[in-house]
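The two complexes that follow have chain A in common; it is paired with chain B in the first and with chain C in the second.
Showing the complex of A and B:
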């Protein structure tokens, strides 16, 4: 190791502060004029330092900007690699959106990808995007395109039936069950379960329990039997009975349908207005008599009409509550969505 | 003399707290929010007459009395909507039934759904005797 390199090392370690120190020492020695050797040493050190600094600056190389040769060929390749709108990049972005549950935008990316490439997985995911956002008719159409000649045919068939099931038009769903060439082989039991569920969920006739319960596990048969019984023998209120009761005794029809408060109010309103009408006629107050007669007719007619409506609403409520319970039962057991790996 | 002068100047240019902080007069009157819109339904001759009567009722009774109907839509609006949904006879019967239900002091126990304004939601389409229109 040479002396300049040692000095340079010291300078670097001490952040060049000694240079200032030596310069001050030099000024002092000149001032005193009595220490020529020390002064020479200082001059020497300064010279060496400045030389090493100069050498350092000479060795410095700025970052070189490399100019590309044959730019016409190479540049286009570079640009193509960074094109985010190329189909593979669109697919990657679509998958990213799909994993983030942004199905609407993922579908748009998959659509662009499928314009250039045909890929069964992407087609299934494209259809699944519509399925997940509740656009079931579009989902069903896209699942249908995978029915034949695709390794995802079974999954597509199941999802096709699920899409139609969630459209809430169970009549069409049951018509599609008749098309045996559409039915999946692997997921046949799931589709049969959906078919059985449709009978519970809509207001159509209920078939025999043997076929209806067959696709389900034995553990849920008792619950299904309970739903079956309640659906078949729903405790309904008869409209005619309600109307007849209200005709005989005002408010009785409403009490029959469970609206006890409304029934008693109807009775009181009709009886009081009728009493006032009679009382006014008896006292020769004809105008007031007719006024209260009109009011009595108003309350009486409203009571009969209200009883009929009340019975109808009671039946609708019973049906609605049972449907909600059945729907919740099926949804909680997740019968509709068996695990599919894709 | 100077002392008196300064005192008088001080008094004359002094600001009270209400002036200094720009105090506002507070009104404790409740803002009127229930005033109805006086529109006339020109969809048919009968509806024009009915909506005119309704406006008269709004002007002379309802707006003076206040927003007291516990239902949404209110009884008058229910009547107009009922007539529009069905016909004058059926609408009248629906209104008679609604009016009786309104008289019931224990109507809160009937489990009406609560509308966002806090009133009982009781739409006319549930009372048309058409089971397909009932929405619970």
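Showing the complex of A and C:
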């Protein structure tokens, strides 16, 4: 490799084309043993070109307007730095940020890149940035733009449904399932699994098991059947029963809802205060008699109210525990979704 | 011949010089954003610079500024990460010390004060920073203040100067605080006393009143030979107020201490003019 070719290579790497031409001319002149004034002129032109290039200030990207303490300060160092802000470099930088999980900044770089080039992979990654930072509606909108005429259409469609699924509005998700022209062909089963999962994750009416379990492997059917049964026939405590039991026997309502200790304490407190009220009235201690009567009434009413609350808490706890268990089951299996890596 | 070689070298270096100029401008641009408090954009531009020129000689400054932006934005984990990178790219001991101190300050703000104190100890052990003890003690004092250990905070500031402003503040705060144990103990002796000591006078007197009344009923029942009445009233009423008074005294004392500490921290945040974490 000759010296001129090395220099040429370096300049090409540096993407510094205007200098390259002059530099090659200079090199030729040296090799042809031209006279010194010619070389000096070239040096001068090169130096001036380089300097003026670095000092271009009028068309710098991005233009910056900085607000500080209620005043607007125009950024004075506005110089176009073509190398750093060229679309390919924005893409490289965006990919670097994306791989470092800095999705918000990566999205900004991809956005700038997409203003100049249309690239499906970048568009998908741009949408993925929003997906990863939990901005699902924006992610869904961007995935939608890849639905037609893109080689990433299938992935985009799946991720579109995933975005709506993770919005936690399962009603909308189920409505979207109805739009069959949106459904991916390759990942149809994954979307159907997500659809089935929505019925387990919210409190809507459960459809029959045949369709609900169909998209899942046989290996998880028994677990899903367990969830299905527990969700459909949740062991609830009846509020009215709890109240009636406590009205008849203080504390019985609490025992019915599983709070045995509280039930027995409630019973003892009511009985003892009632006995004290009667005993004081019998011994002509009217003040204490009324005091303990009031206390008895308080314990009695409290025990009835407590039983109703206890039944409600019991039902909420059962529901919450079951929902947590179902959510954990799906989360641990990544909602049976394939890993799409870009 | 030498002239030709000189010319070749000159032309080789020209593009690099121009590239350097570009970097300088990018730094200026990022610095401008940083100085104007536009942390998000500043981080992006600094990161861009780092990405495109990994050989850049002032990595310390760039990483330091990135970390500072993250710190300003309250992202202390990221701040510590970049301060650590800055620390690994220092060219002198002063820069290294600054990076380490910033890590300590971020830890203080992150409320991981144990880690901050550990890092202060490490700085003390490092022979390169033996003349920086005052600075280390200053941040150790801040770490203790954030850890609600005002006595030790005062001790640290005292090491710097007997008349240190923060020493007086820490002492004042420590003196203003009440003892939780003492509040509970005096409530054992005289019901309600602990609440009064913690500043809840009305609650203290009410506790005293209920205890006196229920105590009277209990004793009166025993005196009248109504043993069962006495046991029940004593257990259900008197002991309830007696135990409740002790429990309240402890809670009131903790609440008061929290109020005092918060008042001091609020002063430090809004009115203290010295260096803050």
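Just so we're on the same page, the second predicted complex is superposed on the first by the 255 of 342 C-alpha atoms of A that agree within 3 Å, B and C clash if a C-alpha of one lies under 4 Å from a C-alpha of the other, contacts with A are read in each partner's own complex, and residues count from 1 in each chain.
To be clear about the criterion, a contact is a pair of C-beta atoms (placed from the backbone, for glycine too) under 8 Å apart; a residue touches a chain by one contact, two chains touch by 3 or more.
What you are looking at is a predicted structure, and each value in this text was computed from that prediction instead of being measured.
S.K.: Just to be sure I read the superposition right, which of the two partners does A:261 touch: chain B = first, chain C = second, or both, or neither?
M.R.: In the superposition, A:261 touches chain B alone.
S.K.: Using the touch criterion from the header, give the chain among chain B and chain C with more contacted residues in chain A.
M.R.: On the superposition, C touches more of the residues of chain A.
S.K.: Should A:108 be classified as contacting the first partner (chain B), the second (chain C), both, or neither?
M.R.: So A:108 only meets chain C here.
S.K.: Contacts for A:269 in the overlay, against chain B (first) and chain C (second): which applies, first, second, both or neither?
M.R.: Once the two structures are laid over each other on A, A:269 reaches both partners.
S.K.: Once the structures are superposed on A, label A:167 by its partner contacts, choosing first (chain B), second (chain C), both or neither.
M.R.: neither
S.K.: State whether A:93 touches chain B only (first), chain C only (second), both chains, or neither.
M.R.: Only chain C is touched by A:93; chain B is not.
S.K.: Between chain B (first) and chain C (second), which does A:84 come into contact with in this model arrangement: first, second, both, or neither?
M.R.: So A:84 only meets chain C here.
S.K.: Return first, second, both or neither, reflecting whether A:177 touches chain B, chain C, both chains, or no partner chain.
M.R.: Neither partner.
S.K.: Contact-wise, after the overlay, does A:315 reach chain B, chain C, both or neither (first, second, both, neither)?
M.R.: Only chain B; A:315 stays clear of chain C.
S.K.: Output the chain A positions appearing in both contact lists, the one against chain B and the one against chain C.
M.R.: Comparing the two interfaces on chain A, one with chain B and one with chain C, the shared residues are 269.
S.K.: For a test of understanding, state which residues of chain B touch chain A in their complex under the given definition.
M.R.: Spelled out, the residues of chain B in touch with chain A are 93-101, 103-107, 109-110, 126-127, 129, 131, 134, 136.
S.K.: Sort out for me which residues of chain A touch chain B in the complex.
M.R.: Within the complex, chain A contacts chain B at residues 259, 261-262, 264-266, 269, 298-299, 301-303, 305-306, 308-309, 312-313, 315-317, 320.
S.K.: What residues on chain A touch chain C, complex-wise?
M.R.: 3, 7, 10-11, 14, 16, 19, 23, 26-27, 30, 39, 43, 46-47, 50, 53-54, 64, 66-68, 73, 75-79, 81, 83-84, 89, 92-93, 96-97, 102, 105, 108, 269, 272-273, 276, 279-280, 283, 288
S.K.: Across the complex, what residues on chain C touch chain A?
M.R.: The contact residues of chain C facing chain A are 4, 7-8, 10-12, 14-15, 17-19, 21-22, 25-26, 28-29, 32-33, 36-38, 43-44, 47-49, 51-52, 217, 226, 228-229, 232-233, 236.
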